[in-house]
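Chain nomenclature is as follows: A, B, C and D, assigned in order of appearance, with residue numbering initiated at 1 for each chain independently.
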Amino acid sequence: MLHSRIIELNKENKDVFTLKFDSTIAAMPGQFIMIWAPGGKEIPMSLSDTSNPPTITFRTFGETTKTIAKLKVGDRFFYRGPYGNSYPVPTGRVAYVAGGTGLASINAMLLKYRGDVYVGARTKEDLFLLRNDFKIATDDGSAGFKGTVIDLFLPHVNEYDYIFVCGPEPMVKTMLDRIDRKIKAKVYISLERLMKCGVGICDSCSINGVRVCKDGTVFSMEEVLSLSEFGVYKRNEAGKIEFFVNGKR
Amino acid sequence: MASISTKIGRFSLENPVILASGILDETSGSILRSLKSGAGAAVTKSIGTEERKGYQTPVISEIGTGLLNAVGLSNPGIDNFVEEYRNFPEKKRTIVSIFGGKVEEFVSLARKVEGIGFDKVELNLSCPHVKGVGSEVGQDLGMVEEIISEISGKTNLQIWAKLTPNVTDLISLAKASEKADAYVLINTLRATGVEIYSRKFVLSNTVGGYSGPGVKPVALRAVYDVYKETGKDIIGVGGITTWQDAIEFFLLGAKAIQVGTAILYEDYPIFNKINSGIRDYLDKEGFSKLDDLVGVMVGDAAFKNH
Amino acid sequence: MASISTKIGRFSLENPVILASGILDETSGSILRSLKSGAGAAVTKSIGTEERKGYQTPVISEIGTGLLNAVGLSNPGIDNFVEEYRNFPEKKRTIVSIFGGKVEEFVSLARKVEGIGFDKVELNLSCPHVKGVGSEVGQDLGMVEEIISEISGKTNLQIWAKLTPNVTDLISLAKASEKADAYVLINTLRATGVEIYSRKFVLSNTVGGYSGPGVKPVALRAVYDVYKETGKDIIGVGGITTWQDAIEFFLLGAKAIQVGTAILYEDYPIFNKINSGIRDYLDKEGFSKLDDLVGVMVGDAAFKNH
Amino acid sequence: MLHSRIIELNKENKDVFTLKFDSTIAAMPGQFIMIWAPGGKEIPMSLSDTSNPPTITFRTFGETTKTIAKLKVGDRFFYRGPYGNSYPVPTGRVAYVAGGTGLASINAMLLKYRGDVYVGARTKEDLFLLRNDFKIATDDGSAGFKGTVIDLFLPHVNEYDYIFVCGPEPMVKTMLDRIDRKIKAKVYISLERLMKCGVGICDSCSINGVRVCKDGTVFSMEEVLSLSEFGVYKRNEAGKIEFFVNGKR
């Protein structure tokens, strides 16, 4: 467990925060850390900026994220990592497709490489880390396109050489179901699963024997397509199979 | 080239390197991956009667000399397990680890496992950090004896007894388990770890199990002690990270070994790495088969050698 | 600057870092050197009734995660000890470790030690590799209880009971020793090591004791378990190599610590290094004295913290 | 424990052997290794050549040395180390004074630096590793000067800037008792004591709290003079004090 100090903690919107911590880490966009609320849980979190000092950007889902959001500048920040692989370096025309907090991980790429950004959220209020040129989709149409980010993006899919995707599994599944599998672009997808260890030994994040935490989190589209469990079911903390019910979470 | 096949009871393995219980063996996909990556066999994560979430994170903590864990026996419960593994293609090379708090529980788990076509169980008599099961059961000699004789009376399963090293008298425990087909030695050591700037335990459960390189000297001693006394088939486990480590266990009497924590350091290639290291050693040291190595430092064989 | 003095029973120490028994403390010259190098106190190598040569070499073996040893309780015997230490200038800061196979032996050793002016003994109830003494005595609760009550009845010595971690039930052992002034936790773990090209044990005695970084997680757990149950004064030992290690032990209830194997890595400067690290930590974390740190992660104090 | 192969094993005289082993070690003259006869004992042995492959030169005292002497080229050789400090680099006029197997350690210096060599032995037959220019003393006068190497050397003591001494403790003691303590030369002495661990933790080699294995084996004359136990008593394997009876061993 590493320890550092919080040097900035900014509220991005009603429940999203960016936290900058005083560490020097050698990380690449797409990598994540396990952050720890002492006495509480340890959870995975993508680096939203992999330069130093690094940042994370997170939504306050529950206990841990809420605890961390209440910390103050100067407080200690505990983590381990970075873990996982990273996005490959893109060339040519590049698109980023982010759903929900998936933008955190994509943001680390945007700080290094250019490209068109497609962002999806439930409502206008859920958006964060926006830039002027982002192409936005909201479920309720309160900002940008009304519909999913997949609906917004797919018509443009053939314009790109590299496509990077990060978002909830059902969103990714929808895209894979509808995308032309013979597309010329290289498509890389960062996955999210329940993670206990983060280092590839507990099996809680595995999909068909592939560990999101260690073999990923970034996979090529072909790899993801080969995973028969992907988008069909996930596992709960007991390792029990739970089928995805609807396309949203 | 020397043969590295081995036999545990009536189970013949192409090679002696087995995936240990609790590491990358919750999901059927991962077990298949280990077997495809060169493991001679694989043990599942321990399965109990009911679905258990296990402890909240942090459930593992890497330390300089190994790993602390208190996953808390998270498992989907036997019925969900049966569901997932009914059509599993590698039932002969997969040993199902089961745990319980009562004799009947073990028997019922064993029957369900046999019901879908597995033929081997590993009894977790040794998890050091969950109340009422694991080593709390595994320290009760009468109960251990009964669990094993009940399962062997009521099923045709081959039984591997995984014993706890956290005892005063491992030999008596081994003797209480002698109806098992093999001993698995050792499970983790009861241990803990502290983070000094938060002044909190590094595991949510405070106390956990210690594994990895740091426990190897204790595991070797356990294998030696039990082999010397019983001469039975032993599967050595605890800190094995290199093929050299594996050789040490064979020399003290282990007929096969398991690897767990080392996967953290070496990942899936570890199975082939250890296997080819063993093969090489046998060739270079002039042994034609692995079996010729087993236990040569112990008892009569060793005395001849001195 | 924060105070790092501490108290074990009625013994006040300027600092909490004590030289462990068996490491550089056979000769009086070396004990003085440790005390001059910053140790708060020093424990002698364990002394028995008769002169003992110990085992033949190899008596130690360095491994990646610590040290294996089977020195075999070599010692000049109590009468030669008395001869050498009669005019020893540091009797108050030196604790004499004694071992024996019978209650009377312990008592007679203790009396001779008191006879030349020492006022503290450490009872080696825990050496894991010599027949008939050490942990073989230390596992017999009745005998442990009797040894301690006899010595405390027949001498005015302060008694430190050094317990073995190689038991199923450390708490009962601690309770059997509760008339001691303090517990010393832990002695080495029973372990072994193999050299694969000669196919021989790395220690002449085959089995030995395991110490150093690799045993720290077990030692921390022992201190935690015993402190939580008994609240008594504890001296933590096992794998302490850095000041951070020492802090971990204090947080779990140790009032002082001992260092042994770490001297292999850090040599005599280790005492001052650990002491200044502790002082620094107390200052930076806002504690005015070491005592405020002791046991804060355990029991009521810890619950307040959660 | 390290393992290597024996590449040469030469008999130097009736009971002294030089063994060359196939290892690459970074050692300096004066350092020693612990050699192991598997299943038997482990004993300290100076390197008689610290270049690579290195050598040891030993007399067959007892069990271990006899076992090792019976090994063959190609056999495995087990050891750990190198341990201990080393002789300082000499300048000006240099003398070496060796008694018995003390020449083994001095030999490592001779392979690197020049100087006058004074060697002592019981009889002619005990001599080994001789070179033409050695100044020899034997107890029985069967070769060179009749008497001790100290008797031979002391008259020349003022001719040197650096003096290196290695031999039995009583021999060294005799020299210290008789040498002019205000001598201009820098005198360095390599000591020998019973050693169990070789790495400074077991206390079996300690003299007044100074460990021969770790603080030495090479000490300045001033350091040795400050050790009140030196030459007076040693310790047996039990740590019991045993007084030196006579000046020979």
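Keep this in mind: a residue touches a chain if its C-beta (ideal position, glycine included) is under 8 Å from a C-beta of that chain, and two chains touch if they have at least 3 such contacts.
This one's a predicted model, so the numbers in the text were calculated from it and none came from an experiment.
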Chain grouping by contact, computed as though chain C were missing: A, B | D
item	value
Far-end chain from chain B, centres as C-alpha averages	D
Rounded Å distance, chain A centre to chain C centre (Cα mean)	51
Where chain A and chain D are represented by their mean Cα positions, the distance between them in whole Å	67
Computed distance of Cα centres, chain D from chain C, in Å	36
For chain A, residues contacting two or more additional chains	39
Numbers and ranges of chain B residues touching at least 2 other chains	197, 199-200, 305
Contact graph of the chains (line, ring, star, complete, other)	line
Pairs of chains, among all present, that meet the touch criterion	A-B, B-C, C-D
For the chain B and chain A complex, residues of the former touching the latter	23-27, 29-33, 45, 51-54, 56-62, 71, 74-77, 80, 83-84, 195, 197-200, 202, 204, 260-261, 263-264, 267
Chain A to chain B touching residues, read off their complex	1, 3, 34, 36, 38-43, 76, 78, 80, 196-197, 199-204, 206-211, 214, 229, 235-241
Touch list for chain B against partner chain C, complex	63-66, 68, 139, 166-169, 189-194, 196-197, 199-201, 206-207, 210, 213-218, 220-221, 224-225, 244, 247-248, 251-252, 281, 285, 296-297, 305
